[in-house]
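Next come the structures, one after another.
Below are two complexes that have subunit A in common, paired first with subunit B and then with subunit C.
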Partner chain A sequence: MHIAEGYLPPVHAAAWGVAAAPFVVHGVRALTREVRSNPESTLLLGASGAFTFVLSALKLPSVTGSCSHPTGTGLGAILFRPPIMAVLGTITLLFQALLLAHGGLTTLGANAFSMAIVGPWAGYGTYLLVRRFGAPLMVAVFFGAFVADLSTYCVTSVQLALAFPDQGSGVMGALAKFGSIFAVTQIPLAVSEGLLTVLVMRLLTQSSKGELTRLGVLTGAATKRREEAGAR
Partner chain B sequence: MLPIDAAAHSSRWRRRHPVEKALLGFGLTLCAVCLPPWPGAVLVAAATLVVLLGPAGVAGRQLWRAFRVPLGFCVTGAVPLLFEVGGARGFVALAPGGPVHAGELLLRTAAASLGVLLFAFTTPVSDVLPRLVRAGVPAPVVDVALVMYRIIFLLLDSLSKIRQAQAARLGHTTRAATWRSLAGLGATSFVRAFDRAQRLQSGLAGRGYDGTLRVLVPAAAVSRRFLAAAVGLLCGLVALTLVLERFLP
Partner chain C sequence: MSVKISRNTKINALLLLIVAALAVLPLALGLGDHKEEPFTGADAEAETAITELQPDYEPWFSPLYEPPSGEIESALFALQAALGAGVLAYYFGVRRGRRQGEARALAKTGDAVDAEGGAVDTAGAGASVPSARAPGSKDA
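Showing the complex of A and B:
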């Protein structure tokens, strides 16, 4: 869910931009360090960003019969880590605003805060937590993608509720209003995105072990075990 | 290529400096957001439409196709403002003044979207990105964005071909098959993106790649006359809004 161009009042748009700025600057520093020490990673990071953009263009079947698209932030954060995703996500949002008329430039800060910062951090945190409890990779991937998707929409609800408080019950009423709209549509979609991410990751562990090991998603030992299991 | 970017590459204002178009497009967006929606957003929307369809030469059909996307989001976003929850009038009731708020929001978002579309329809992203380094954006970030921009179109093209192939193999006939096909699409685009990056890497290494992507930026001088006209239009819109606000209901 992108907040459309001009949807937020100017003060809110500026405030969310200020809130997103430190995370994006931190990501830019991490990315710059990575590129300076390892110049060929420019191409890898560019490819990762393009993959994030394309992932958000996939049409996901919804339970209501319509379709939506995945946010891609969970998979992106698991593969590339949240600081890098803050930059790649912001560039993706900029491209979506200019190339697809999705989202906007005045709402870039708010959209970046929900999709490129909170979503990836919440998803990655959940992924690490579930892994730490000893759960299998795919279970952690499911919960990571589920939480990333849902937290993105929760933050969007908060942003909308703060901008447009309900006339009768204030911000809390507006939060209930926007939250219930998103809950009905988004919980099934978050489950769908979790399942899709698991399917994508399953295929990736079969076809792109090298890349996943390089990105730190699979450890060398895990890759070896999978290869041995495959050989057997 | 995506329709908006394709239109930008063949735009009448393609050779104009991006700063000129940014001042006009983003200035109009800023006016739409900051001025009172009535009559400000209406005036901004009207002025932007005149510029888009007149001097900028954007085709009406192309503009409508691009504009109906944000318009759909605006309408969906305005609907919740029509209702109030948990107030004195019941659990869910029509909000007093809700239609006015929703209408104002619709005007503001529509006018602001048109401002951004004016920039997007006349300025290819490839003209903007290399110039961002001069605006203070770190060069590595711009390089990553440039690579992203180039790979996106190749990936979208691959994606549409894979989707066609999956449909031809009855990959979308059942819900289970659709999910399998979708997962295949996601995984294939990942593999292709990385494959493309590795091939780019090999190609650039053979040409002495040192970590900087040098891009030829078409030379364009900033027209003072255009800038003055844009500032004049923006100031005129602000003044007219403030004057009309006093006389209109």
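Showing the complex of A and C:
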């Protein structure tokens, strides 16, 4: 759930817009480069964007007795690296802001910063870290997607706490309040997103081995091992 | 029915089942019962929290277009999910078709080798052809 239209003071809204803009511009460049040098990846790019579209339309009930939705940005960040998700995530946010009155144009910068920038980078970083420890691919994918989802809403909580500090307990007090609304609600949803991302990645390893190898998700050696295991 | 379900399919089904359980459990356990309005959106709760923290805050901009009713809004959300699911399904459909086409072409070349070689056994032909191709073209 994103910050609603008009619910960030103008100065904050503008500041987050300025912070997010370079990432999105850089992402547009990365996206054009990717499409130009690997035209065959366009279809998988579309599928990554589509995954974000589906997941951010699914409002799910959570343990706190309220509803929120996953973001779906982890998959694309792992496949194509985070800059590309800065674009695909922002497109999703724009669609929701314009047609669904969900999120908003004035809060687009802040929402893009949390969902399309911090989420993908945190998720991608976690994915790389878990892989470096030698964990199986799917374990890394799960934690990557989980962190991408959860960190998005932690950032949302921080953004709101900075804009609306508590009169008594300051920013930290407000952070506890917004954190309990967004971040706690998000925990089971982040688990769901992790599992769904693993599911899609499993289908991709079955259907698009060549592409995943080119993108570096499957290494040549891993593919060979898998094939040998499959042949046995 | 003794349809053989592969281990892969079972794991995928299990993943979906857990996701469904995670979504249904909060409802089944009545975790929203302590609220006046159970299972509202987190964004609406945040708006309430903002009003509590800063009672004089007024949203300074309103959406350019707002769905006129909850029904229209849910239709638009369904449209968003359908668009995404459609593109995803298209992707996997194209991939599956391509793999089947490759497998068929492979089988054909295998038959041709068989017919020409005469004595060459099928297993030998089947094993030699994929190794000459890209690593992505394992027999399904």
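The working rule: the second predicted complex is superposed on the first by the 197 of 232 C-alpha atoms of A that agree within 3 Å, B and C clash if a C-alpha of one lies under 4 Å from a C-alpha of the other, contacts with A are read in each partner's own complex, and residues count from 1 in each chain.
Note that in this section contacts are C-beta pairs under 8 Å (C-beta built on N, C-alpha and C of every residue); 3 or more make two chains touch, one makes a residue touch a chain.
Nothing here was measured: the structure is a model prediction, and the numbers come from that model.
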Name the contact category of A:169: first (subunit B only), second (subunit C only), both, or neither. first
Does subunit B (first) or subunit C (second) touch A:32, or do both, or does neither? first
Answer with first, second, both or neither: which of subunit B and subunit C does A:188 touch in the superposed model? second
First, second, both or neither for A:44, with subunit B first and subunit C second: both
Now for A:219: first (subunit B), second (subunit C), both, or neither, which partner does it touch? neither
Which partner chains sit in contact with A:91 here, subunit B, subunit C, both or neither? Use first/second/both/neither. first
Would you please give the residues of subunit A that touch subunit B in one complex and also touch subunit C in the other complex? 2-7, 9-10, 43-44, 46-47, 49-51, 53-55, 57-58, 60-61, 95, 97-102, 104-106, 160, 164, 166-167, 174, 177-178, 181, 195-196, 199-200, 202-203, 207-208
Would you pull the subunit B residues touching subunit A in the complex into a rising list? 2, 4-5, 26, 29-30, 32-34, 66-67, 69-70, 73-74, 77, 80-81, 83-89, 93, 95-98, 101, 105, 108-113, 115-117, 119-120, 125, 138, 140-141, 143-152, 155-156, 159, 175, 178-180, 182-187, 189-191, 193-194, 196-198, 200-201, 204-205, 209-211, 213
Quick one: which bits of subunit A touch subunit B in the complex? Just the residue numbers, please. 2-7, 9-10, 13, 28, 31-32, 35-36, 39-40, 42-51, 53-55, 57-58, 60-61, 75, 87-88, 91-92, 95, 97-102, 104-106, 160, 164, 166-169, 173-174, 176-178, 181, 195-196, 199-200, 202-204, 207-208, 211
Within the complex, subunit A is touched by subunit C residues 8, 11-12, 15-16, 18-19, 22-23, 26-27, 31-35, 38-47, 49-50, 53-54, 57, 59-67, 73, 76-78, 80-81, 83-88, 91-92, 94-96, 99, 134-136, 138
Residue numbers of subunit A touching subunit C in their complex, please. 1-7, 9-10, 43-44, 46-47, 49-68, 95-102, 104-106, 160, 164-167, 174, 177-178, 181-182, 185-186, 188-189, 191-192, 195-196, 198-200, 202-203, 206-210, 213, 220, 223-224, 227, 230-231
